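Both complexes below contain subunit A, partnered by subunit B and then by subunit C.
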Partner chain A sequence: MLTILFDGIAYGMLLFILAVGLAVTMGLMNFINLAHGAFAMVGGYITVLLMQRLDVPFLLCLPLAFAGAALLGAVLERTLYRPLYGKPHLDQVLFSIGLVFMAVAAFDYFVGSTQQIVQLPAWLKGRTEIGSGAWTLGMGHYRLFIIAICAALTVGLQFILARTRFGSRLRASVDDQRVAAGMGINVNVVFLSTFAFGSGLAGLGGALGAEVLGLDPSFPLKFMIYFLIVVAVGGTSSITGPLLAALLLGIADVAGKYYIPKMGAFIVYSLMIVILIWRPQGLFVRRGGRA
Partner chain B sequence: MSASQTSLRRSARIRPWEPVLWLLAFAAPVVLPSHAALVNEIAIVALFAVSLDLVLGYTGIVSLGHAAFFGIGAYTAALLAKHVNADPLLGLAAAAGVATLLGAAASLTIMRGSDLTRLMVTLGFALILLELANKLDWLTGGADGLQGVVMNPLLGRFEFDLGGRTAAFYSLTVLLVLFLLARRLVHSPFGATLKAIRDNRLRAMAIGIPVRSRLAVIYTVAAGVAGIAGALLAQTTGFASLDVFEFHRSADVMLVLVVGGAGWLYGGVAGAIVFKLMQDALSAVTPQYWTFWIGLFLVVLVLAGRERLLRPWTWWKRARP
Partner chain C sequence: MQRRTFTALGLAVAAFAASPPALAQSTPFKIGLILPMTGQQATTGRQIEAAARLYMAQNGDTVNGRKIELILKDDTSLPDTTRRLAQELVVNDKVDVLAGFGITPSALATAPIATQSKTPEVVMAAATSSITEASPYIVRTSFTLPQVSVALADWAPKNGIKKVVSLVSDYGPGIDAEKFFKDRLTFNGGQVTESLRVPLRNPDFAPFLQKVRDLKPDALFVFVPSGAGAAVMKQFLERGMDKAGIKLIATGDVTDDDQLNDMGDGALGVVTSHHYSAAHPSAANKKFVEAFSKANKGLRPNFMAVGGYDGMRVIYEALKKTGGKGGGDALLAAMKGQIFESPRGPVFIDAQTRDIVQNVYLRKVEKKDGQLYNVEFDVIKDVKDPGKTK
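Moving on to the complex of A and B:
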């Protein structure tokens, strides 16, 4: 039972890394970006291809996946996304679905549709067990590694948002773009770097998740709903909202699939709908914030 | 008659080109018998898009899960034909009934929240049905789908042939009937209140329009129409599979509607024609990767502006501020 809880937490943490960038673009910048999963897929494929073709070690691949996805995010933000910030949500949805379709077909064309396998280094493959009987806690080392990275990232992100100059600039730009620009903040640069950083995190998540979630060209479509749930349920006023939502989702999903495999993803979707009807702005939302 | 009544009447009048268009549509399966199956598909997609237009174009509800109702209609018709009675019209009625009930239940979920919440809830709704259809394999055949749905002759007389000519006429007729009904609906005072809700919900509330019940009614009606479209697909192809619930169905129909222009019932029809012909041509060239071109088309469509893409002569004019 504890093992399931542990796996659920690891899964949730992974979802959090994947989705937190989306929480920023969708929640703060108010842009419905369904193509977020495509950045994650880019990160995943960077890792897989570097490891397979060039024998780059796994740990080195992670920052490269981050950098690659962030660079792509920056380029796309500058060229394609920026004109759409003020457009209706329907346009943004159509645009990002279009990007997803393109990404899926392009990766299918260039890399092939087979599922890719990540060869983890030996020290991440092991598994530690503590306790016995119903309370056995089996911890895969790789999942521990994911949890550690995610915890570090969460603390780091919270620090950046709450304590640094960039964080306060971002919050200001998000709350009122015009006033922020009037105060001498370069809103475009703030948004560009935020978007790139979010895409980079997605890429990192994709690289980390390739082993757990599986990586094939349908990745952006398959996991789109999960990212969206994290953001929609978590609310977007803080880092903790999406984190808690991701953990909830991860645990519910793993436990549901373990105990009632017949129901599959049914539980997660129902949970989301109930929560969203109950609290349409998300579970953890700042009172008095923008709707 | 007041000026507003006159203008409402005028917009509801049938234009001379409309009967011509429908005559052309009905002539198509006869003139091009080899493309009757394509005409059938276009009619079905058009009906589905008209249904989405009722909620998206006229009422402004952004839905990413319209396939839920399409799929439930398809499965209802297929199951009914397989196990109970293979009469096509009975199947249509049953599918419409089930989809309407489901729509009424689902309409409770779209009342609250922002666009994002609605996107998520509708998407989740379709995914729940997809999971159900996948897991209840004793009933739905699971991932293999329901095969071998054989229909009785239409009205006891017209056999469904392999070339799909009966199917094409059948779908076109259903499309025409429902199109006229939808047209009647959106040009009624009820339709005018829908547009008021779409344009400004707060103001609509302030002038006494019961927003919630209007949303519920139109969502339910649209669900019924989508269910009929799904039933047509199952009946004319003799097949229902998980594919009818999948996300790309919802995305495709949204694309169809937006290509043709939302908030204008012919938009769905025009979009369906363009989309299906494009799909047909592209998948003949690149069978596996045609979604790439659809995606590119979507991106260009949005970046160039939905209205401007359809009017190329405005490209070099400056956009209105």
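Moving on to the complex of A and C:
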């Protein structure tokens, strides 16, 4: 029982790390970036390739995956994304899904299409068990690690957005670019850094997720649905919304597959439909907030 | 409605165009090889293509004075694409043989085209039992899942494994594996206490494995396509299930030679049943593995490669038998009943079912020269596809 809950939480947290960057770009910058998964895949491949080819330790790979994806995000924002900010959402969708297909083909061509396997360091491989009988709590160390990172991220992000000068500048730029620019905020820089940061988060999520979710060139397409569900259910106006949505979905998915394996895959979708009928703007959106 | 008539018309034209008068000997003999070269199953395509080219390099590209031409098409594992490509190959390129087929739906989608155009369809990878029944023109050189699952179900009870939980991917081959494993294990006095099916694109195996752990069987029987296999195995170990006394037994897809080395030492000791291992100790196989890795930058051939290699041999031999003339029905007749020594051991193309009869080996993952291999320790000889006896 508790083990299932634990696995569900860890899985939800992983979904959160993967999706939170999307919540940032989609919610705050109002850009429909379906290529988010491609940045996650870049992070995953950076980790795998560094570990396989150069024997870089796993922990060092994580910040590198973040940096690599963030850098790529920054370059693409400057060159490709910026001209599309003012365009209708359909254009943005078409553009970013095109990017996804290019990323899929590129990784297929250069790295090959096999599943990449991450070799974790020994201290992350173990498992601790507490209690006995039906209430046994078995915790995989790697899943604990994911939960810890995710918790730290949430606190950090919330702090940045709500309390720092950068956070207020970002919120101001999103609400009204012209006024923000008039107030002396460099909107371009704010958007550039936000987009890079969101992409970096995706890269980190991909690096962490490669172990649990597997990694092959179809990664962005395979998990796009999950990112979108998290963001749609959680709403995009805060960090806590996607977090709670990811946890809810993670637990529902894992518990559903455990207790009713035949229904397994459908539970997430049913839950999403119910929630969206009930609260079309997402679970945790303030009344009157932007969708 | 209009569209349907149009398609029917198109097919009729295809069938008509594909039965031309006997071709002159001087025209090349064309093999249309349809494989997933990109996308999820791309490794299958690469292995088979490499093996087919190796066979041609070793045996020459002319048979009885007729040049063999290989036309490679990428279907990206989408059955409707496979079907369209097959139709184009038959109508435009006038191929003599269709071959390849990475996944079951692709092989099945092509079956009506093979039947109508009387073109032999050599299935080199797809492994659902029923494929050969979809058209009288299908010949298979890979394997079937019932074939390898049943062998495992024969071995398990003799080795103290009575209570088993099965975990398969929820699609054709998986359901075949589940059914035939269960039937045979029950017949042998064992018991499948729970049958779990996971979605083909499953992100996290944790809940399923936890369920298995709580059920405490003697062993967990797994069939998932090779990419997902590694993930299942790693999570199996991380969950400490081996320490809880649960053994992992699987079909050979899980410890695919293509990926085995990346799985790390956790894979040591996993027992699988399959028809081919790169470590198969025969002279023919040593030669094959050596030549294959030499031609492909050290790549190790897997069971897909051997299916492709033998498929080419079946086509070559059939063409030889017709004196280089070819012709759909003549080729098919010449393919039936072929007996030869493959890198996997002796094989036989059953004339009635057009399916392959072969040895199934029980293997254990061991370390040899610093690399992981599936080392064979037992063999069940001449296994016919159990799916056809009913």
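The rule is simple: the second predicted complex is superposed on the first by the 290 of 291 C-alpha atoms of A that agree within 3 Å, B and C clash if a C-alpha of one lies under 4 Å from a C-alpha of the other, contacts with A are read in each partner's own complex, and residues count from 1 in each chain.
Everything that follows uses one rule, which is that a contact is a pair of C-beta atoms (placed from the backbone, for glycine too) under 8 Å apart; a residue touches a chain by one contact, two chains touch by 3 or more.
All values reported here derive from a predicted model rather than from experimental measurement.
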Which of the two partners, first being subunit B and second being subunit C, lies in contact with A:Leu71: first, second, both, or neither?
neither
For A:Ser218, select first, second, both or neither according to whether it touches subunit B, subunit C, the two together, or no partner.
second
Does subunit B (first) or subunit C (second) touch A:Ala181, or do both, or does neither?
neither
For A:Leu5, decide between first (touching subunit B), second (touching subunit C), both and neither.
neither
After the superposition on A, what does A:Ala232 contact: first (subunit B), second (subunit C), both or neither?
first
Check whether A:Ser270 is in contact with subunit B, with subunit C, with both or with neither, and answer first, second, both or neither.
first
Determine, under the contact definition given at the top, whether A:Asp108 touches first (subunit B), second (subunit C), both, or neither.
both
Applying the touch criterion given at the start, work out whether A:Gly98 contacts subunit B, subunit C, both or neither, answering first, second, both or neither.
first
So in the superposed three-chain picture, is A:Lys87 touching just subunit B, just subunit C, both, or none of them (first/second/both/neither)?
first
Pick out the shared contact residues on subunit A: the ones touching subunit B in one complex and subunit C in the other.
105, 108, 262, 264-265
Subunit A residues touching subunit C in their complex are 3-4, 7, 10-11, 105, 108, 112-117, 119, 125, 127, 129, 138, 140, 142, 211-214, 216, 218, 222-223, 226, 253-258, 261-262, 264-265
Residues of subunit B that touch subunit A when the two form their complex:
56, 62, 64, 108-109, 112-117, 119-121, 123-125, 127-128, 131-132, 134-135, 247-248, 251, 254-255, 258, 288-292, 294-299, 301-303, 306
What does subunit C use to touch subunit A in their complex?
38-43, 196-199, 201-204, 206-208, 210-211, 226-228, 230-231, 234-235, 238-240, 258-259, 262-264
Would you pull the subunit A residues touching subunit B in the complex into a rising list?
26, 32, 80, 83-84, 87, 89-95, 97-106, 108-109, 221, 224-225, 228-229, 232, 262-266, 269-270, 272-273, 276-277, 280-281, 291
